[in-house]
Amino acid sequence: MITLIQYNDPGYTTRDGLSPAEASKLVKPDHINWFDVEITNKILVEDTAQFFGIHHLMAEDIQNLEQLPKFEVFDKYLFFTLKMLVFNPDANKITQEHLSIVMGEDLIITFQEGLPGDVFDELRNRIALAKGRIRKYGADYLFYNIIDSVVDNYMIIMERLRDKIEKLEAEIIKDPSFHVVEEIMEIKKEINTLRKYTLPLRDALNKMRVEGSHFIQKTSVNYFQDVADHIHYLISSFETSREMLKDIMDLHLSNLSNDMNKVMKTLTVVAAIFIPLTFIAGVYGMNFKYMPELDSPYGYPMLWTFMIVSSVVMVVYMKHKKWL
Amino acid sequence: MITLIQYNDPGYTTRDGLSPAEASKLVKPDHINWFDVEITNKILVEDTAQFFGIHHLMAEDIQNLEQLPKFEVFDKYLFFTLKMLVFNPDANKITQEHLSIVMGEDLIITFQEGLPGDVFDELRNRIALAKGRIRKYGADYLFYNIIDSVVDNYMIIMERLRDKIEKLEAEIIKDPSFHVVEEIMEIKKEINTLRKYTLPLRDALNKMRVEGSHFIQKTSVNYFQDVADHIHYLISSFETSREMLKDIMDLHLSNLSNDMNKVMKTLTVVAAIFIPLTFIAGVYGMNFKYMPELDSPYGYPMLWTFMIVSSVVMVVYMKHKKWL
Amino acid sequence: MITLIQYNDPGYTTRDGLSPAEASKLVKPDHINWFDVEITNKILVEDTAQFFGIHHLMAEDIQNLEQLPKFEVFDKYLFFTLKMLVFNPDANKITQEHLSIVMGEDLIITFQEGLPGDVFDELRNRIALAKGRIRKYGADYLFYNIIDSVVDNYMIIMERLRDKIEKLEAEIIKDPSFHVVEEIMEIKKEINTLRKYTLPLRDALNKMRVEGSHFIQKTSVNYFQDVADHIHYLISSFETSREMLKDIMDLHLSNLSNDMNKVMKTLTVVAAIFIPLTFIAGVYGMNFKYMPELDSPYGYPMLWTFMIVSSVVMVVYMKHKKWL
Amino acid sequence: MITLIQYNDPGYTTRDGLSPAEASKLVKPDHINWFDVEITNKILVEDTAQFFGIHHLMAEDIQNLEQLPKFEVFDKYLFFTLKMLVFNPDANKITQEHLSIVMGEDLIITFQEGLPGDVFDELRNRIALAKGRIRKYGADYLFYNIIDSVVDNYMIIMERLRDKIEKLEAEIIKDPSFHVVEEIMEIKKEINTLRKYTLPLRDALNKMRVEGSHFIQKTSVNYFQDVADHIHYLISSFETSREMLKDIMDLHLSNLSNDMNKVMKTLTVVAAIFIPLTFIAGVYGMNFKYMPELDSPYGYPMLWTFMIVSSVVMVVYMKHKKWL
Amino acid sequence: MITLIQYNDPGYTTRDGLSPAEASKLVKPDHINWFDVEITNKILVEDTAQFFGIHHLMAEDIQNLEQLPKFEVFDKYLFFTLKMLVFNPDANKITQEHLSIVMGEDLIITFQEGLPGDVFDELRNRIALAKGRIRKYGADYLFYNIIDSVVDNYMIIMERLRDKIEKLEAEIIKDPSFHVVEEIMEIKKEINTLRKYTLPLRDALNKMRVEGSHFIQKTSVNYFQDVADHIHYLISSFETSREMLKDIMDLHLSNLSNDMNKVMKTLTVVAAIFIPLTFIAGVYGMNFKYMPELDSPYGYPMLWTFMIVSSVVMVVYMKHKKWL
């Protein structure tokens, strides 16, 4: 259940399905030894911790799937834990996996929840094919590449969220009655998830720069700066997205008010024209014995004239008030 | 009224109902001496303070149930005060107890309001049964375990509040007329209570790291970091919860507006169709002598035709406007 | 117009109505000399400043009743200025007095606006009766007690404001139509007043800890920390109160909307039932010669049947829509 | 166009209408030389800069009327630029002038847009009449006095704005229909203007304390602290004012809603009482041949009885609902 | 495709259409060598990077058009990347170009997306004509001028946005029904774009001051401070603009409410006057046999009198309530 990728500049081996005991014996100096462990099995993690001399506090954090990203220095190891977030287009949702990285000299152990071969496939390929600098550089460069693969997926998810926001905005501008509140809440939730794991990741990276510097070679500093830049960009995107969502919400509320205003104006126009006319018709429907107007042959046409004229005046007045 | 738990790696004793004078004589070197005092009785606290040489400022803070969490260093002692918050499922509410911890060399004195045997039962068990590392480590590890027990209960309460928020959200999405404002206020209050005690707790822990370092052994530093991480997680949860509640509130207000819009549209539809028709009926109910339409045999059916056609036109127009 | 309280552990004297010249000659070494000056009289302040060698900038701040709390170090003196805020239950309002404290070695001069014997009565009593540690400690302990008396009154006022807020909340939950906006504004104003003087007070205390340390004995440091804790608590209370008021305001606005919705629903129900019926009655009130229904003996009862049935259908539909 | 005020403790001269060349020759040691230049003329500024050895960057900032307040240290000079804001009661608006101060040893050059004799008149008077300490102290004290005169005018403007806000609040409480939005916007704009120049001024003063300390004598430090205090007070006033304006806006919006509720309640009351009654009247206006009620002699009075009773019931119900 | 501008105090040459290989050979000591490269072609960038010894991380950032502004120090080079934002009045929109600057000793290489001759035309002119100090100062002064040209365009864009905001404000005050929400959103988006590139630019400049100081001569420090001041001004403008937009939005929402109130008042006035009158007319249209009023000759005129009087009373009451 442990996979080992072992490489240096000239060579490359890979082994599958190792037990912790076997794995710990395979560590070769002058090679980069990358052990990938699945953390579904509690005993496996504890055995691995024991065989590799990993502090029990690290072992607990590895198994605690609720653990937020953090970085800690132990005697022999750097410990880094973060979340892999991958957008799964089939299920149309984000899946998250807890990922812990233990780095020693020439040694990297990754602990992940799911199946191997997800975010790291491209990285494994590069190692196998000796693409780029990966085979020439040390364990810290591999470490950087692992974190970078994770953060790249954050960027992809964020891009997708921004697309959603822009689509939402276009939609509400096209159709003001479009009901956006639930959609806004859903997007906000996804942004919150992303942010929940990104903010402590930034702190972890900062802490690493300060406290873990003796594990990181000077040539790799600029690479880690690059990841930090990406995270910076993500965090500023959260702010902007939040504001865009707030603007959409404001537009929606303003649309609701506008809509209401239009409805009320229609009602008022209808009522203001016809209620007085109905009253007048009611007057001449009364059964008083002595109503001189009723007997005049001009009564009926004059009344119509009066009613039409007053309606026209009313309509003109309302046009002037922009209620029509 | 003072309970003593005295242990080292091989042995373990416990004594009940001690007076301060008795208690102070029982302190054994090479053991961890944990005295648990109930602070309901003022004289008891002051006697304890006197027999153990506790500064009167500490004694005041121990008795001041309004005291916020804080940490202070005195000559012989570290002083830490915080709140135990426990969710009581029977009463469906959170009970709070004031807890003060005085730590000297090999000596811990806890002062609490309520009955012994609440949050610390599991810890006492571990000591009695020598589970884990508790019997092997020093007073600082016991100190850590006491604080950790308290913070774990904070996490449980927060989890419960988040469940409440999610249930509220589900409910309002299912039934938009659900009235959420009082429930939001209630949850906010509980979050505020939790936050009120968590924020100064963070500061106290930070201060302890800086000023109390000579009381904490190097091997325990990572443990205290763990508690700090939990508190960090709590604080970020407060933020997220607040935002979720705000979103629910926004949804509620938007629902209210929507609801109003629907009601107004119904009113407008009814009024716009029937008020003009009523006017027309009123016209032909007038008693003018000379109204030629009344005498025609086609007058009545033609009027019905006109009224039905105009209603249909009106309805079609309103469908187009999405008011129906 | 200057009052002197002069004490050491064994003895205690008090003198009234001194002039600055007299006062300055009465300073006794090995005693704590507390001069209390009323600042209503400009010349008195300037004379006092001259006889005691107080810098003219201090004298200006003492007389400037708009001066915010601040702390400054001069050659021979510490200077501290703050506001005494006392809730006056008779007038049901907060009175404020400008208070300046000049501290030298064995010497404290307080300058206050109002009458002596307000906030400090209890302190004077303690000195007279030699209660607690006051007669045993130095001028810095008296200094602490003066500031502590002031801050304690801030706490009392804040407690009163929180009570008001809670009463307001209870009231609006009991009676949703209760109009809270003016009350909220009034409470906010009082909180703002309190905050206006508390925030710079915190800064002043911080500055004192850094710059005035040579005037404060090591044993008094914990006491000043205590005042700082109270101020911390006050400031966090401001935040919480503000949020509670915001929640009450939100509840109020949501109540207004709800109320409106109910009114509109009633109107719509009445209109939707009776306007169509009125139209039908209008139809059969028309005077067409040929209206076959009018001649049928069943016309009238059938119409009533139709109207009642359609009303019932309408009511059922509206119950279903929760408008009734 | 350059005015020179030259003084020391015993003496005082003033000269008008100097050219830069003349001015630069008049600098006397053992005197404070204050040159006041009007910056309307570009060449004048550049000549002055040349004759006094002022860096071209300073010259640019002097002429750039958009320049925000800032402080900079050059080899021979301190450079300080800020805005004079003066409330002009005649025009009922705030006029702003760009003011730059160049300070060297015994030398101060002020560059201002407008006419001499505005904010500094009182200062010139004090110099002429040897009032206070101005003639005894050095150039840094003059420098302080110049800045202080400017900041005092800020305080006056802020006071005026607070008065406006309080008047607005009183007005809206007296007359809830008072339309405050435009007034709020106007006040906000003025506050923003003031804040725009105050915030960088604070930064400039801070920078001066750190970088310009060798130009400021130790005895003057407390004076500059005084200006800093004023600015602090201003900035906290901005916050408070903003909140007060927000509260007024909330009150206004709540008033609008209240107003609407009242209007709707009136409409609903009228409609709910009279629409059903009109329907009943319509029923008995129908022309059916067989309507037994019409023939009864008690029909008419009984109907009136019924209508009055049902109206009274309606009114009582609405009173109970607080709609009347 | 590479353009070279080579100059020192006495001389100036320019060459066009160079290949990276040619360009790298043309670097002359004692001259400032400014190479301007278009980054549309990937190979060109990589060749340039190779010939000039530029680190591959720089080359990646040069080509990554999504890269936010940043500053980094490499062994031989300073690296600065930012966005050129130019308002294009023809298209009425802002065009953005990615700009990277590599600075070595006597050497500046700029990489830009678009065509040469946009923001830098004026700068090239100054070099050609030896205007100002440009030909006398070093590469760091050219570097400053490049950044300054970019930031100046930011200022122009911001000015344009503020004009737009002020126009919007004037418009909504003139015509309260003006629909501003979409316009506000559009302006906000442009501000967000500007801010997105300005905030990291500030950080980059700060970082340069700290880490790149050995590349910047002491005489140039004040120039870079100047750019920092402009950026400071921009950032404070963002805040102010955001607030102004919020105020406009508030005004708009308040206008919507006001508008609604007016409409509802009109409706209520019409309904409250005519619905009761219609009821009365309906009463006397009833066909009861025994209605004494109908037979009286004064019935009809008395009814009119009653109706007119009650209408007048109603109107007066409504005037009093300010609904008319």
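First chain written, first letter: the chains are A, B, C, D and E, and each begins at residue 1.
Assume contacts are C-beta pairs under 8 Å (C-beta built on N, C-alpha and C of every residue); 3 or more make two chains touch, one makes a residue touch a chain.
A quick map from chain label to UniProt name: A, B, C, D, E = Magnesium transport protein CorA.
Please read these numbers as outputs of a predicted model, since none were measured by experiment.
Participant: Could you tell me which chains make contact with subunit B and subunit D both?
Facilitator: Chains that touch both subunit B and subunit D, as defined above, are C.
Participant: Need the graph distance between subunit B and subunit C over the touch network, please.
Facilitator: 1
Participant: Using only Cα atoms, superpose subunit A on subunit C and state the rotation angle in degrees, rounded to the nearest 5.
Facilitator: 145
Participant: Taking all residue numbers at the subunit C to subunit D contact, is the shared part over half or under half, that is, same or different?
Facilitator: different
Participant: Would you mind pulling out the distance in Å between where the CA atoms of subunit C average out and where those of subunit E do?
Facilitator: The mean C-alpha positions of subunit C and subunit E differ by 41 Å.
Participant: Which integer distance in Å separates the CA centroid of subunit A from that of subunit B?
Facilitator: Computed from C-alpha means, the inter-chain centre distance equals 26 Å.
Participant: For subunit A, what residues touch not just one other chain but two or more?
Facilitator: Residue numbers touching two or more other chains: 253, 257, 260, 264, 267, 271, 275, 278, 282, 285-287, 291.
Participant: Just say which it is for the chain contacts: an open line, a closed ring, a star, complete, or other.
Facilitator: Contact pattern: a closed ring, each chain touching exactly two others.
Participant: Could you pull out which subunit B residues touch subunit A in their complex?
Facilitator: Residue positions touching the partner: 169, 173, 222-223, 225-226, 229, 232-233, 236, 240, 243-244, 247, 250-251, 253-255, 257-258, 260-261, 264-265, 267-268, 271-272, 275-276, 278-279, 282-283, 285-291, 322-323.
Participant: Mind pulling up the subunit A residues that touch subunit B in the complex?
Facilitator: The touching residues are 55, 57, 67-68, 70, 72, 74, 177, 179, 181-182, 184-185, 188, 192, 196, 199-200, 249, 252-253, 256-257, 259-260, 263-264, 266-267, 270-271, 274-275, 277-278, 281-282, 284-287, 291, 293-297, 299-300, 303.
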